[in-house]
Structures are given as C-alpha cells and as structure tokens.
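Should a chain be cited, it is by its letter among A, B and C, assigned in written order, with residues numbered from 1 in that chain.
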Amino acid sequence: MTAGLLLSRAMPLVILALAWEAAARSGMVSEYALPSLSSIAASFVKLAGSDLYYHTARSIWRGLLAFVVAVPLGIASGILIAWFLPVRILLKPVLQCLYPMPKSALIPLTIIWLGIGDASKISLIFLGTLVPIVMSAFNGARGVDQTLLWTARSLGATEREVLWEVVVPAALPEIMNGIRTALALCFILMVSAELIIANDGIGYLINLLGEAGDYAGMFAGVITISAIGFAADRACVALTRWLLAWRE
Amino acid sequence: MTQALDANGAPFAGTLGSRLRGDAERWRYALEAIGPFVTIGVILIAWEVLARQQIVMPFLLPAMSVVVARVFEDLVSGSLLYDTAVTLYRAFAAFAIAAVVGITLGLLIARLAAVRWFFDPLLSIGLPMPKLALLPIFMLWFGLFDMSKILMVAFSASFQIIIATWAATQSVEKELVWSARSLGASDRQTLWEVVLPAALPQVLTGLQIALPICLIVALVTEMIMGGGGLGDTMLQSARYVDSPGVFAGIVEIGFVGFFCIKGMELLRRRLLAWHQEVQKEGAR
Amino acid sequence: MSAVPAVAATADHAAVATQGIAISGVTHEYRPPRGRPVLALDDISLDVPEREFIALLGPSGCGKSTLLYLVGGFMPLQQGSIVVGGRPIRAPGPDRGIVFQNFALFPWKTVRQNVLYGLEKRGIPRDERLHRAQHFIDLVHLTGFEDSYPSQLSGGMKQRVAIARTLATEPDTLLMDEPFGALDAQTRTIMQDELLSIWRRSPTTVVFVTHDVREAVLLASRVAVMTARPGRLKEIVDTDFGEADSAEVQRSREYADKVDYIWSLVREEAIKAGAGGHL
C-alpha cells in the first residue's frame, strides 16, 4: 500500500479525531462526557507505566492461554468428528446443540463453578472459543472435494496419509475463518466477564476508573483494549494470507 | 489382507458384491440419523445420575429434574415471560435500529464514493474491535437504563448489516441494472425494483447473522448493568450461588435463541420464495 | 478371491485375462438414505484389451462415470466382477490412474509438488523422484511452471498438471472422466491432440468417459455406447483410425460416417433420458 493510499484511508480517522478534539475543547459537550483527545492521551501516558500495563497484561495472559489451548484441540476435534463415523455419531449432536447457544450465557456458569478469579475467566474463554473452531474444522473437513480424496487414494495414499496430507490442508481456509471468529469472541468474552465481576484485568480497570470519575482514564482503557483487539484481528488476517498464499 | 477404507471407515467391498455390503451405506445413514437422539439421551441420563448420586456436588451440577422443575416454575410464575419479554424487547428494538441504519448506510456506501471513502476505514477498524469494551462510554453518554443497552446492541450488530448490504448492492449484476435502464427505468425505479430485490438474499443473510449478535450482546449488557431480563436474572443466580437458577437460565436462553433463529429462517424462506423459483428456472 | 468372467475363452480373452480390463455382469444401484434405490448400471460386461483406448459414451445419467469409478475402485462393487491386470479390484491404486473433469489438483501444492505426490507414495528415492517429475512436466509442455500454484494456471494448464501427475506413477490403466469438459473449445482441441500423442508414445489402457461424440470417435479405437438410465451397453463401434493425423481424420469421409452413426445411437438414448425427466 503506497503512502498516498494509506494517507487517504487514514484521512477520515484524522478528520474524526480533529472534530472530537474541537468538540471537546469548545465546551459544547461536557468535559466529562467527552474528554479531549489530548487529556486522554495524557491519561494514557500516566497509566501506561503502571496500572494499564499490569491489568492489560493479566487480561491478555488469560485470553492467550485459553485461546492457545482451544485452537489445536478444536481443530483436532473438528477433523476427527468429520472423519470417523463413531466419533461423529457421538459428538456431532453435542456440537450442534452447543453451536447456536450464546457463549456469554456461560459467564454465570463459570462463576458458579470456578469463582471470579483466573480459572473461571480462562475456562470461559476456552469453552467459548472452542466451539466455533471445532465447527469450522468440522465443516472444512466435511467439505473437502471428494475428487481430491479419490485422487490421493488412487495415487497410493493410505487413509492416514489422506487425512493428514489432503483433508487438513484442504480444510485450512475454513479453519482460519473459524479462528478469526474465535479470536473476536475471545476478546468479547474477556472484556464482558471483567466488566461484570473481576479482581483484575482491563475490564476491571475500566470499571474502576469509571466509578472513580476518571473518564479520561476510562477512555484510555477502552481505546487500549479496542486497539489490541483490532491488532489481533489484523495479525490473524496476515497469518491467514501467509498460510494460504497458494490461494492467490 | 489390506483393505482400503472409505472416508467413513467402512471397508470397500471385494469383487463379489453382496446385498449386505451395498446396504452398508444405508446402515451408516440410519446410524447417523438415530445417533443424535441416542447421544443426547445418554447425556441426559448421565446428567441425572451424576447429580442424584451426588457424584458431582449439587451446587456444581444440579439434577436435570431440578433444573427442568425450575424452568417450569419460572414459566408458571411469569418471571420467565417477563424476563424474556424484557430481553427480547431490547434485542429486537436494537435489531430494528441496526437494520434501518445499517441497510441505509450500506446502500449509501455502495452508491456514493464519498460516503464510501469516509466509512470504509471506520468499518475496517470497527468490525474486529470488541465493541462491548465501549459499554462504559455508552453508559456515560446514555445513562444506566435501557437506552444504553439498546444502543450498544444496535451498534454491535450494525457493522455486519452494513457490510452485507454493501456487498449485496455492489454485487448486483451490472447486466440487471443495464437491462432495466435500457427498458426505460429511472434511477429510483432501478434502485427499488431491481437492485434491492436482487440484493435481498445477501442482505437477509447479514440480518440473520446480526440477530444472534443482538441476543448475545443484549444478554451481556444485562449481566453487566442489571435492570431485569434473562441475563440479569441469570447473573443474580450466580451471585447467590443458585445453580438451578443458572442452569435453568441456560436452558431458557437456549430455547429463546433457537426460536429466534428458526423464526428468522422462516421469514427468509417466505421473503425469498420467489427468488428460489427464479433460480430454478434460470438453472442450466 | 478371483471371479471367473463368464465369457467363452478365446485367445483374445486370454490376453485380456492377464492384462487389460475384464468387466463382467456389473450391476449398480444408487441407494439414497431416503427413497427408493435407483438402478444405475444394469449387467454391464465389457472386455478392454491391454493398451486399448476405449471411450464410454452416453447421455447424462447413463452411468458411464459410475462405471469408471467402479473400475477405479472408488466405490464398492455390488454385483459382478471387475478384473484389472489379472487381479480383481479391491481399492483405488496407482495401477489405475484417474483424471477428473475438475482437475482435482491439490491447490496448496505447486505444479511440481502435485506431480511428485504419487512418486512420493511409491517410496522412490528423492533424486529420481525429481527427475521423473520433471520429465512428465516437460512431457505436458509445462516446463517453467514447476513452482506455480494451480490458482495461477489456466484451465488447460491445470488439466495438463493433472495428466502429468497421473502419468508420473506410470499406471497400466488411465481412467479419464470427461477430462476436457471444463475447457474451452480451442484448448480442448489442443489437449485432445496432446493426449493422443502421449498415448501413442507410452501406450497405456485408456478408459475415456465423454458425452461428446466427435471427441469419442476421434480419440478412441472403440466407442462403447451406453443406454439411458439404467445404463446398459447399447453397442460397441470400432473407430480405429490408426496413426493418422487428427486434422486429416476429421476431414475424412469415414470419420463423418462414424460420427453420424454413433450420434444416431446416442440421440435415441438422449431423447429417452430427456423424456424420463431425470437429471
């Protein structure tokens, strides 16, 4: 992307930022409702060294742990459910029940089971992100073109080789879609749970600052986690593009 | 003797066919059809046994019978209906707002380059963002009651609708528009009578994706802010370690969600009935 | 367990029994999970001598592809027997290579990697693998595209990769399921010529499924015309034009006559298939 194109795409944001700053400074809007960007930036700097860093790190740590476990487990489960009939008979109904359920309904459940500390948040994110990944791996594996499977077999591949060398790569685009969805869900569950009830974490900090009346700080926190969520998604897209370079 | 297996683990037949082997396919389908009922049945029975025998502590896993009883209790006492009504009111109000704003904006973005230029980066940033993180700001701006909930839900769902409408409008085949023009249709007529109907399927898909989002976000805002509704009730149950209440809530939410999605599917089929017929005719 | 094809033993048949394909009494039903079974193939018996290029021709739904898949071992045999190279079919294998209409290339592999796949499965040492793969890539005139991905290739090029990949394992039998159906007319003509020249150079048995009469008569030495569903063998027509050049063959009187004759056979069946109202 050329510099000119980048600038053109960024312009609307710049315009909004300027409008924001102008509106905040002019006193048209209450200073509480809309802190000026400069004061938010100042808050950000003040908090960044200490609270912001600590709480954000705690949230990210929990989310990352849950996600990193959910991804391989989800992919493996989805593909196994798709490939082996006995597994499918057992687990597909479970999957079909869990998939349409709103994952946020799990929040009170994990609170009962594991309290309000790390364990409940991690298990929440783990369970919530597992389902879309399993679903996408399942769909990806089921959707593999039969002619690809037949070709591999006719070229001498064993069933195990067909699974590893054809089904998995063929399902990968769908799997990456599922991972992207799961990633967004990870952040939503992370923030939601912490806004509801928590001991620490970025959501907890945002609540704290809001209740203390430090709205500039609150905005800084909100912007931080939004930016991280956005960056994570971009990273996922970039990874997808790299893994699936052959798609052109 | 090495035997190759097909994708479902069934062995290939040898040279001499037999009715049994040919029927293997049918057995497989039959098993897959019955499977769900058996599995779910087993799970439900296991649930009841585990709970009753206190193998798992009751506050972790209340017996299924207890949970079902609680659901009926809620139904009878009217609290289920009240909560459902409150949550659905918020979710649907937000859905309506998101639909109107989203479809309008999507259309404008597709047709006017200036609008597109302005909103494209905003959409790119907004879509993957955890929009719920903005809830405290919404609470600051819109108060502590329904308005901020509804607006947060609408905000969360609108992105999907905008993008789906944008894509749908853009992908209306040029040929359709040109045909209409050459037959004398004006700009406005082309929009309402050609573009919108052609874009309808994809727009409806966007709406179908947005509906569950509305439900989920409505639930979460209730959990965070209180104020009645299924989410609030369920979280209160968690606070008071009322496990049957939490499990009952999950079951109730499951049903509500299921009916909403089914309702949306039916609506889609109704609205697109003409579309499928046209597609069948046009098929090679 | 070897089945004995129920055909009188002749010298020709002895040759077929050791090599070539012997299809005997093959019947196949589609058994959908709901609804009644549909008879797809009805008692098909066909002998294909070694190294013959035979076309299976018929209207849509006549079961020609089904028969091909049965020979390939992709579907379980319900009734009858299929013996290839003296051994009854049990499963797919590299002795029967297949080329599909949709190319079935592994999109995540390059051209070279696709062609190497079958060679890797055979356990051929690395240097020889690369050498052989290159040979077949050159054979189909794709030199220089070894590191391209299928998404970067045209339809004709993709089909060449598919053919190279299948040929690389040097199968005794080549099964082709309307391989040129997805290509435009010009590319199709070029590919037909190339296929003929490849086959003449390293003759394998070829079973070629098509619904295009002209293509069948041009390429094959025999054309097996099938009836509308349920598929039976209607007639087998000899269409051997020897080593003659394709363009010349297509200008000849003999070619036109054969095409007319076979088309009249197919037309009857195509009308029946249409009247049946089935896909």
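Everything below uses one rule, namely that contacts are C-beta pairs under 8 Å (C-beta built on N, C-alpha and C of every residue); 3 or more make two chains touch, one makes a residue touch a chain.
None of these values were measured; they are calculated from a predicted model.
Trainee: What are the two chains with the top count of C-beta contact pairs?
Mentor: Greatest count of contact pairs is found between chains A-B.
Trainee: Please name the chain that ends up farthest from chain B once chain centres are defined by their CA atoms averaged.
Mentor: Taking each chain's C-alpha mean as its centre, the farthest from chain B is C.
Trainee: Averaging over Cα atoms per chain, report the distance between chain B and chain C in Å.
Mentor: 46
Trainee: Provide the C-alpha centroid distance between chain A and chain B, rounded to the nearest whole angstrom.
Mentor: For chain A versus chain B, the centre distance works out to 18 Å.
Trainee: Where in chain C do residues touch at least two different other chains?
Mentor: 73, 91-92
Trainee: Counting only residues that touch at least two other chains, what does the list for chain A look like?
Mentor: In chain A, the residues touching two or more other chains are 153.
Trainee: Mind pulling the residue numbers of chain B that touch at least two other chains?
Mentor: Residues 4 of chain B touch two or more partner chains.
Trainee: Which of the residues in chain A come into contact with chain C in the complex?
Mentor: Residues 145, 147-148, 150-157, 161, 166, 169-170, 172, 244-248 of chain A touch chain C in their complex.
Trainee: Would you tell me which residues of chain C are touching chain A in their complex?
Mentor: Going through chain C, the ones touching chain A are 69, 72-74, 91-94, 96-98, 100, 102, 104, 106-110, 117-118, 121-122, 149-152, 165-166, 169.
Trainee: Which residues of chain B touch chain A once you look at their complex with the stated criterion?
Mentor: 4-5, 7-10, 28, 31-32, 35-40, 43, 59-60, 117-122, 125, 127-130, 132-137, 139-141, 212, 215-216, 219-220, 223-224, 231, 234-235, 237-239, 241, 243, 246-247, 249-250, 253-254, 257-258, 261
Trainee: Show me the residue ranges of chain A that touch chain B in the complex, using the header's touch definition.
Mentor: Per the touch definition, chain A meets chain B at residues 8-13, 15-16, 32-33, 83-86, 88-94, 96-97, 100-109, 111-113, 149, 153, 159, 184, 187-188, 190-192, 195-196, 203, 206-207, 210, 215, 218-219, 222, 225-226, 229-230, 232-234.
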